[in-house]
Amino acid sequence: MKKTKAVLFSILIILFFFNLSFPQENLSPLPPTEVRASDTPNDNGHSITVTWKLSGDDGADKKNVVAYEILRSDSPTGEFIVRGMVPAGNNTYQDRGAKEKEDKNYFHPHKDFYYKVRAKTLNSYSESEVAGPAQAYGEWFHLGKLPVFVGTVTFTIMVLAFISLARKGKEFYVRPLAGIDAVDDAIGRATEMGRPILYILGLGSAADIATIASFTILNRIAKKTAEHKTKIIVPCNDPIVMSVAQETVKAGYLDAGRPDMYKEENIFYLTSMQFAYVAAVNGIMLREQTATNFYLGKFYAESLILAETGSVAGSIQISGTDEIAQIPFFVAATDFTLIGEELYAASAYLGREPLLLGALKAQDLAKAIVMISLALGALAASFHLGFFLKLFTVQM
Amino acid sequence: MRRQLPILIVFVSGVFMVIQYFIPHESFEFIYEYAMDWIIIIGIFAMLLGLWSLTRASVSKVQAKAPGWGFSVMTLVGLATMLFLGFYKGNKSIAEGTFFMDLFWYIYTPIQATMFSLLAFYIASAAYRAFRVRTVLATILLVTALIIMLRLIPLGPISGVNQWLASWILTVPNMAAKRAIWIGVGLGATATALKIIFGIERAYMGKD
Amino acid sequence: METIGIWIAALLTLGIFSFLYKDNPFYKFCESLFVGISAGYWFVTTFWQVFMPKLADNLIAGRFYYMIGAIFGVLMLLRLFPKIGWLSRWSLALVVGTTAGLYFTRYLVSNGMVQVQNTIIPLYVKGNLSQTIGNLVIVIGTFSGLIYFFFSKEHKGAFGGLAKLGIWFLMLSFGASFGYTVMSRMSLLIGRMDYLLGTWLGLIR
Amino acid sequence: MNFYERLMQLDRRWIYLGVAIAVTIPVLAPFKVPVYITPEAKAVYEFVENTKPGEIIFLAIDYDPNAMAELHPMARTIMRQSFSRGIRLIISALSQNGPGMAEQLISQISKEYNKKNGVDYVYLGYKPYPGITILAMGQNFRIPFPTDYYGTPLDSLPMMDGVRNYDDVKGIISIVAGNIAEYWINYANGRYKAKVFFGVTGVMTADYYPFLQSGQLFGLLGGLKGASEYERLAKQEGVATEGMSIQTVAHLVIIAFIVVGNIGFFMSKKKKR
């Protein structure tokens, strides 16, 4: 028992909170009540959540309780050690254990733990009753993510359903898209002028969805350039992106029946550093006198440097990105811009492949559902119906 | 083997990652963490492909005495210098105060900052060219950009109104438009991810 | 060293700026040096800061799961040998598949669920006209913006009207972001000017 | 090509030159550009101005060197204004990497005004957990800070005699980057009804406007512009004023080019008709 006191005492010293020489009313506050400890739901099994009812002396006017300290022990009568502290006014605490089994702070599954909560004032404190036992264990499904799960399943079914409709030969209508119609003209122009086409995949890695969407577009454009016998230059900023771009362009030339015209050295790597890459691409634009520049993928601050240099060179420029902060610059400085989702739709448009168009239809259906939810949700919120919001609330 | 197996790998790893999101249990967390590290490691190996491509392109330009081949020599010199300085003293090569870091501070950093600062010129010239009352859309673009830019400029009594209008535009209609774009991008990206996982979008795999 | 360094840095700064007038050998020199130095810098720092701790240290510590990553990494390199280059697709498939799965839920939540959640706001706030108007504008703007992105229906009639309203909202947002960014871009240039005029020439304190 | 068409298709190098001049001239030959003073900046200024000599203001320097460019001018000006008016300051630094930077600023400015540590100002320094620290200071500054930054017990500092908590200071001005701002609003104002004023970074500004409206915040300086407004109000034009002058000129130049382009566009269209 003496040891316990010594430990507690030294903790008090360490925790900057206590200045024992401090002269003030020396009354203990009311203790926290209804302390509960239980496994934290929806976690990996390394934490226990403690909740309590605030001390009667915790409130704006009372200015009494400053913080709560949470203590843990292996047995109800054993030594309690301080696990953490939260400011007054809070009534929950998550006691997290270590992940490694060797760590002494590891929560072995199904081991019992006991908790106490201590309400602290300036120079005094009071403790709650012991709560517990509580055990920590991991869950196999995160209930807070149920809305996402429903969304995932619904959307997947929609996409697969439309694709299978497309497989069965159903034709889908999609409205014309200005940026897409411009692609053919732009390639034609380069052919007439006898100058090359520049295709920039952006700064994304091969793992970025926008970059992958851009690969599909590159494949279609490469096919067209092969048909027109126009040179296409693809400087890359990531080695994997370069490798994939080489495969993609080669496939485009194969599709066009001109594999002999494919030149690997035109799809090359420069450097992975943003502005060094841009400096070099600037040079390529002016020295190769590219007739048409495509910027499709992930772009950051360099978007405007590229677009302005391209416009100095007099190139026709078609851009598209899902990076929202850069769209304004592309809109202002290039001839056509695929805004956000249009970039993803472009691959389906260019190839006119029924399967890809099917997926586009699923997107539209999902969009309709979102719009209806927005309208209904706003109405529900206007009448103070909270349940609707809950349908979309995701706990992390 | 050549085409089916990669598609299978994509499918299995993609589905695993989706499922993993919903399962908090540590066994899944464990595989997830390893998978993420593998991706990083693959990326590191791929760096050699990049260096190879850059070196080969520069060397062949020099060999062919192509126009501007002297500049390719500069690239090779810069690359070789950094590689030598970065490795010759083991892991102490890149500590602060080494010649490696001097090159970083006195060559890399100023060029990088200057390239970035070119944007100040380009944003002006882009504004000049694009902001014309040509069409309704261009006019909207012009007017809002002007309102926002004018918030920094003293306009006497109108300043207060303009200040208020600028912050309203930024927080209300701007927010609405961004949300529409975000949601659209979300749908496009998720649909594309699904197409990738199910092997429908596979142009990135190339052909034989 | 420092004086020489500052001179070199200042001259390189001027070299990049000279591109604004026109492409010239001075710029080409800076550009090609920059490409080489940056590629080398990137390789070296990634090697020491990522490769060593992520792979080498883990393997030495006996965590052999990391071997799997290394094997896929080596497969990636096989691209250099045309005959067995197709093996690199396995690594590529792992990278693309894993991240596609990862991004699927990430985009669904952050770009879908969360945005919808944030837009479910009351259209009428009692006694607060400015918030009522603000909320109305946000809901209408988001709604019509989404109409604009609809691909299945031509922009005609009432639907076309809404789509037009949507693109107006988009343009308004683009104009605002453009105008808002000017200040930070100017700061970058002011920083470079300070370097040239102050640190280098000593014209200002 | 007639005159108006030429206006429409200026060589972009003229624009580059315009921008270059706009950012160089004000650096070489500083001049003052008028600044529009927002009411929320004026509120901060007037709060300090209406504090009587001898009274105490709590100044929180809650940022680190990353945010120095925007926030240092605010802290510097407020400190100078307070010292020159004989106001005493209690200063804290709750951002982890900020205390050293704050100390430098304090010692520099206190020297300028010949102010003594412990008599005219007290520097408390840093404690982790900003939320708890702010909450605890509402009861007594001595709970989180038994001693000041230099290790002297607060009780032995003459200035702290009878000074216990937020009730004994006129108000709190927090120059802040990041989420510490929320603790000041929720705890210092929410719990202890302290008068809180903020100086925040440009990106944070829009987020804190609503708190002005709801009355939880009494004044706000936003970004470099807020700093320059404050320098102007306090008649201490410095870095922020200079920076803002350059920004104003640069913005004007861009706007002028846009106007020129549109005049060209308009007139040449008219002519064609």
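Chains here go by letter, A, B, C and D, matching the order in which they are written, and residues are numbered from 1 within each.
Assume a residue touches a chain if its C-beta (ideal position, glycine included) is under 8 Å from a C-beta of that chain, and two chains touch if they have at least 3 such contacts.
In this text, all values refer to a predicted model and were calculated from it rather than measured experimentally.
**Q** As a test of understanding: of all chains, whose mean C-alpha position lies farthest from that of subunit C?
**A** D
**Q** Ranking chain pairs by how many C-beta pairs touch, which one is first?
**A** B-C
**Q** Nearest whole angstrom, what separates the Cα centre of subunit A from the Cα centre of subunit C?
**A** Their C-alpha centroids are separated by 13 Å.
**Q** How many angstrom lie between the CA centroids of subunit A and subunit D, rounded to a whole number?
**A** The mean C-alpha positions of subunit A and subunit D differ by 33 Å.
**Q** As a quick test, compute the distance in whole Å between the mean CA positions of subunit B and subunit C.
**A** Chain centroid spacing, subunit B to subunit C, equals 4 Å.
**Q** I'd like to verify one number: the distance from the centre of subunit A to the centre of subunit B, where each centre is the average of its C-alpha atoms, in whole angstrom.
**A** Measuring from centre to centre gives 15 Å for this pair.
**Q** Residues touching two or more other chains, restricted to subunit B: which are they?
**A** Residues 18, 21, 39, 42-43, 46-50, 54, 68, 108, 111-112, 115-116, 118-121, 123, 125, 127, 129, 131, 141-142, 146, 149, 152, 170-171, 178, 181-185, 187, 189-190, 193-194, 196, 204-206.
**Q** Which subunit C residues reach two or more other chains?
**A** 16, 19-20, 28, 30-32, 34-35, 37-39, 41-42, 76, 79, 92, 95-96, 98-100, 103-105, 107-108, 112, 116, 119, 139, 142-143, 146, 149, 170-171, 173-175, 177-178, 181-183, 186, 189
**Q** Could you say which residues in subunit A touch two or more other chains, in rising order?
**A** Counting only residues that touch two or more other chains, subunit A contributes 148, 152, 155, 206-207, 209, 212, 240, 243-244, 270-273, 275-276, 279, 287, 308, 327, 329, 331-332, 339-341, 345, 360, 363, 367, 370.
**Q** With touch defined as at the start, can you tell me which subunit D residues reach subunit A in the complex?
**A** Within the complex, subunit D contacts subunit A at residues 12, 127, 129, 131-132, 135-136, 138-140, 142-144, 146, 187, 190-192.
**Q** Would you pull the subunit A residues touching subunit B in the complex into a rising list?
**A** Touch residues, subunit A against subunit B: 42-46, 99, 138-142, 145, 148-149, 152, 155-156, 159-160, 163, 205-207, 209-210, 212-213, 215-216, 218-219, 238-240, 242-244, 246-248, 250-251, 254-255, 265, 268-276, 278-279, 287, 301, 304-305, 307-308, 311, 322, 324, 327, 329, 331-333, 339-341, 343-345, 347, 355-356, 359-360, 362-363, 366-367, 370.
**Q** Looking at the complex, which residues from subunit B come into contact with subunit A?
**A** 18, 21-27, 29, 39, 42-43, 46-50, 53-54, 57, 60, 68, 108, 111-112, 115-116, 118-119, 122-123, 125-127, 129-131, 141, 178, 181-185, 187-196, 198, 200-201, 203-207
**Q** Hey, which residues of subunit B end up touching subunit C in the complex?
**A** My answer: residues 2, 5-7, 9-18, 20-21, 34-52, 54, 68, 71-72, 74-83, 85-87, 91, 93-94, 100, 102-121, 123, 127, 136-137, 140-149, 152, 168-187, 189-190, 193-194, 196-197, 204-206, 208.
**Q** Over in the complex, which subunit A residues touch subunit D? Could you list them?
**A** Touching subunit D from subunit A are residues 16-19, 22, 24, 60, 63, 66-67, 85-89, 121-122, 308, 312.
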